[in-house]
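What follows is a pair of complexes built around subunit A, which joins subunit B in one and subunit C in the other.
This part shows the complex of A and B:
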C-alpha cells in the first residue's frame, strides 16, 4: 500500500510520456508503412530499390542504435533533435519498415481480377486503389499491424536510453530511491505495460470486426 | 403555294443527307484491329489480327484453348498492350495519341477516354466482394460518370431489374450463385452504356444448370440496342443464335469468318472442321 503511494505518481508521469511516444510513433509508422509499401509496388525499378533499401536498413539494424544515432550522433552533423522527436522518429522509421512489408503483401494478395474489373469499369487509378483495392487489403493488414503495435509499445521502453522520462526511465530512477520496493515497482511496471497492450489489442480487434462487416456469406 | 414543293424538296434533301451521314457512321467500324500482334516473352500468341467490329454488330469468337481469344479481348480492354499493330476505337487509335504533332504512347487520360466506350464481362465475374450488388453497379456511375447518387441508384435498379437481380440489390456477392453473380457483372458493365461489350466465356465458370439464365440475359441484351458485342464462347448453339458473324481463331490467326451458318455448317478449312467435330455430339449442329 505504502509502496503504491510512493511509486505511482512517478510511474504515472512516465505513463504519459510512454503513451505520447507510442501514439506519435505509431502514427508515423503507419504513414510510412503506406508510403513505403506503395513505393515498393511502383512501376519504376529505382523507386522500388530505394524503398527496399530503406526497409532492409531499418530492419537490419537495432532500434537502440538507431535511437543513439538520432539523438547523440546527429548533432555532430548539425541536426539537433529533441529527445521526444528523436524517440518518435526512431520508432516510426523502424516500425514503418516492418509495416511497409505488411502493406505491400496485403495489397499484392488482392486478386488480379479486382484490379482488372476496376480498370474495365474505367475507375481512375486513385479510385481503383481507394475504393476497390484498399478496402480488401485493409482487413488483411489489421492482424499483423496489431502485432507490430504491441512490438512498438515494447520498443518505447528504449527511449529511456536517450533521456526521455517514460515509464521505464521513471522506474529506473525510482529504483535507486526506493531500493526496498524493487519487487512491487517492477510488478507495477509490468502491469501498466500489459494494460496498454491489452487496450491496443482490443482496439485493433474492434477495427477488424468492423472491416469484416457483410463480407462473407 | 408555289413555294411548297421547293420546301418539300429541300426537306427531302436534308433528310437524305442526314441518312447518308447515319449510314456512313454505321458503316464505320467501332473497333478495328489492324495487324495486331501479341507476344508474351518469346511466345507469340497472336500474329497479325485484322478484325473490324461495326456498331451494333454481334461477333462471336471461337477457337481452341490457348489460341489467344482472351488475349484479343483483354487488349481491347487495355488490360494487355499489343506487341505490334494498332487497335482503333471509334476511329481513334487506342494505345497511341498525338501530342505536339507527334504520335506518342497513350497516357492514362487518353486510355480512360477511349476505354469508356468499352465494357467487359469476365469469366470469373470479378465482382467487388466488399460492396453490395447495388454498390457494385453504382460505383462507376458515381465515380466515373459523376452521376448523382439518387440518379445512379435509379439507373442501377432499372438495370438490375433487366437482368432479374433487383430483389438481390442489398446482398453481397458471396451470398449469390454463380449465375446471379454473372448477371450482376453484366449489369455493372451495361449500366455504363458502352458502345462495345466484351464477354470472355461468360458461362464457362458456371454449373451447367446456371448457364441458361445467363445466356438468356445476354440474348435479351443482344436483341435490343445498337451496342456492338464481341463474345468469346464455347457454346456453339448459343453462338449460332446470337452471332451476326463468327470468327474462328487458331494458331494466333483468324482462320475463317462469316455468318454463323457458313462457319458452323460449311467450314472450309481443315482446322475449323476438326475444331467443330469436337462439338458435334449433342450440340444440335447438323
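This part shows the complex of A and C:
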C-alpha cells in the first residue's frame, strides 16, 4: 500500500505522454490504414505494388527497430525528429500497415452487386464510397481495429527506449530511486496498462454496437 | 561530416550482428516451444469443470494479452533476479504468446466435431486419452498456418529482450552504433537481417494457408 502511494504519482506523470502517443499514433495509423488500404485496391498495378511494398516492409521488421531507425538513423539524412515525433510516426507507420489489411479485406467483402448498383444509380465515386460501401464495411473493420488498438497501446511502451518519458520510462527511472519496491512498481505499471486497454476495448465495443444499429447480421 | 552511407561500416556491423543470430534464433525457438506448451495448458485449464478455475484462467489470460510484453519482461526481470536474462526472455515470450496461441488452439478444438467427443466417451476412453488420441490430433493440423504466423510475430518481438540485457541482434547493433557513432548502418543492417528472415517465413506461412486453408 505504502509502495503504491509512493510510486503512483511518478507513474502518472508518464500517463499523459503514454496517452498522447497512443492517441496521436492511433490517428495516424487509422488515416494510413484507409489511405493504403484503398491504394491497394487501385486500378493501377504500380500503385498497388508500392502500397503492398510498404505493408510488407513494415510488417516484416520489428517496431523497436523502426523506432530506433527513425530516432537514431534518420538524423544521418539531415532529418532530426523529436522523440515524440519519432514515436508517433513509428507507431503510426507500423500499425497503419496492419490496419490497411483490415480495410482492404473489409472493403473487398462488400458484395459486388453493391458497387454495381451504386454505379448504376450514377452515384459519384465519393458518394458511392461514403454512403454505400463504407457503411457496410465499417462494422466488419471495428473488431480487428479494436485488437490493433490494444496492440498499439502496448506498443507505446517501446517509446520509453527512445528517451520519451512515458509510463514505462518513468518506471525505469523510479526503479533506481526505490530499488526495494521494484516488484510492486512493475506490477502497478502492468495494472495501469491493463486499465487503459480495458477502457479502450469497452469504447470499441460501444462503437461496434452503434455500427450495428438498424442492420441485420 | 561524412554522414553518407558507408559500406565498410555496414559490413563491419553485419559481421558483428551475424555472430549473435543464433541467440535470436534460440530465443525464438525456445520461446515458441514454451508458448505452445503454455498455450495448451491455458486451453485445457479454461475448459475446467470448475467455474472458478475457468473464470480465473480467462482473467489471467486477458491480463497477459492486454499488457505490454516489454513491461512483462521487466517485471519478470526484477521479480526473478536469480534466473538468467535469457531464461527470463524465453519465459516472458512464452507466457505472452501462450495466451495468444490458446485462442488459436481453442479455434482448432471447437472445430472438432462433437461426435468425436461422444464416440470417445462411448468407447470408454479416459479423459487424457480422449485429448491425446482423439481431439488434439484432429485439432492441431488445421491451425498450423496460424501458429506459423505467431512464430513470425514472436521472432519480431525478440529485439525487446535487449531491454533486459540479453545480447541479441538489437543489443549488438545498439552497442556498435554507440561505439562508432554510426547508427545509420547499425540499425539499417539489423532491420535488413530481420526482414530477410521474417519475409521468406511469412511466404511459407501464406503457402501453408493456401494449401491447408484457414482455420477458425
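Basically, the second predicted complex is superposed on the first by the 216 of 217 C-alpha atoms of A that agree within 3 Å, B and C clash if a C-alpha of one lies under 4 Å from a C-alpha of the other, contacts with A are read in each partner's own complex, and residues count from 1 in each chain.
As a convention for this text, a residue touches a chain if its C-beta (ideal position, glycine included) is under 8 Å from a C-beta of that chain, and two chains touch if they have at least 3 such contacts.
Note that the coordinates shown come from a computational prediction; the quantities given were computed from them, not determined experimentally.
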Room on subunit A for both subunit B and subunit C (clash or fit): fit
Superposed model, angle subtended at subunit A by subunit C and subunit B (C-alpha, nearest 10 degrees): 110
Touched partner set for A:78, first subunit B, second subunit C, both or neither: second
First (subunit B), second (subunit C), both or neither touched by A:170: neither
First, second, both or neither for A:123, with subunit B first and subunit C second: first
Partner chain(s) touched by A:94 [first = subunit B, second = subunit C, both, neither]: neither
In the superposition, subunit B vs subunit C on subunit A residues touched: C
First (subunit B), second (subunit C), both or neither touched by A:57: second
Closest Cα approach, subunit C to subunit B, once both complexes are overlaid on chain A (Å): 25
Shared subunit A contacts, counted only where both subunit B and subunit C touch the same residue: none
Touching residues on subunit A, where the partner in the complex is subunit C: 56-57, 59-66, 68-69, 72-73, 75-78, 150, 153-158, 160-161, 168, 171-172, 175, 182-183, 185-187, 189-190, 193-194, 197-198, 201
Of all residues in subunit C, those that touch subunit A in their complex: 3-5, 63, 65-72, 74-75, 78-79, 156-160, 162-163, 170, 173-174, 177, 183-184, 186-188, 190-191, 194-195, 198-199, 202
Interface residues, subunit A side, partner subunit B - complex: 111, 113-114, 116-117, 119-125, 127, 131-132, 135-136, 214-217
In the complex with subunit A, residue positions of subunit B that touch it: 77-79, 108, 112, 115-116, 118-120, 122, 124, 126-130, 132, 139-140, 143-144, 172, 174-175, 188-189, 192
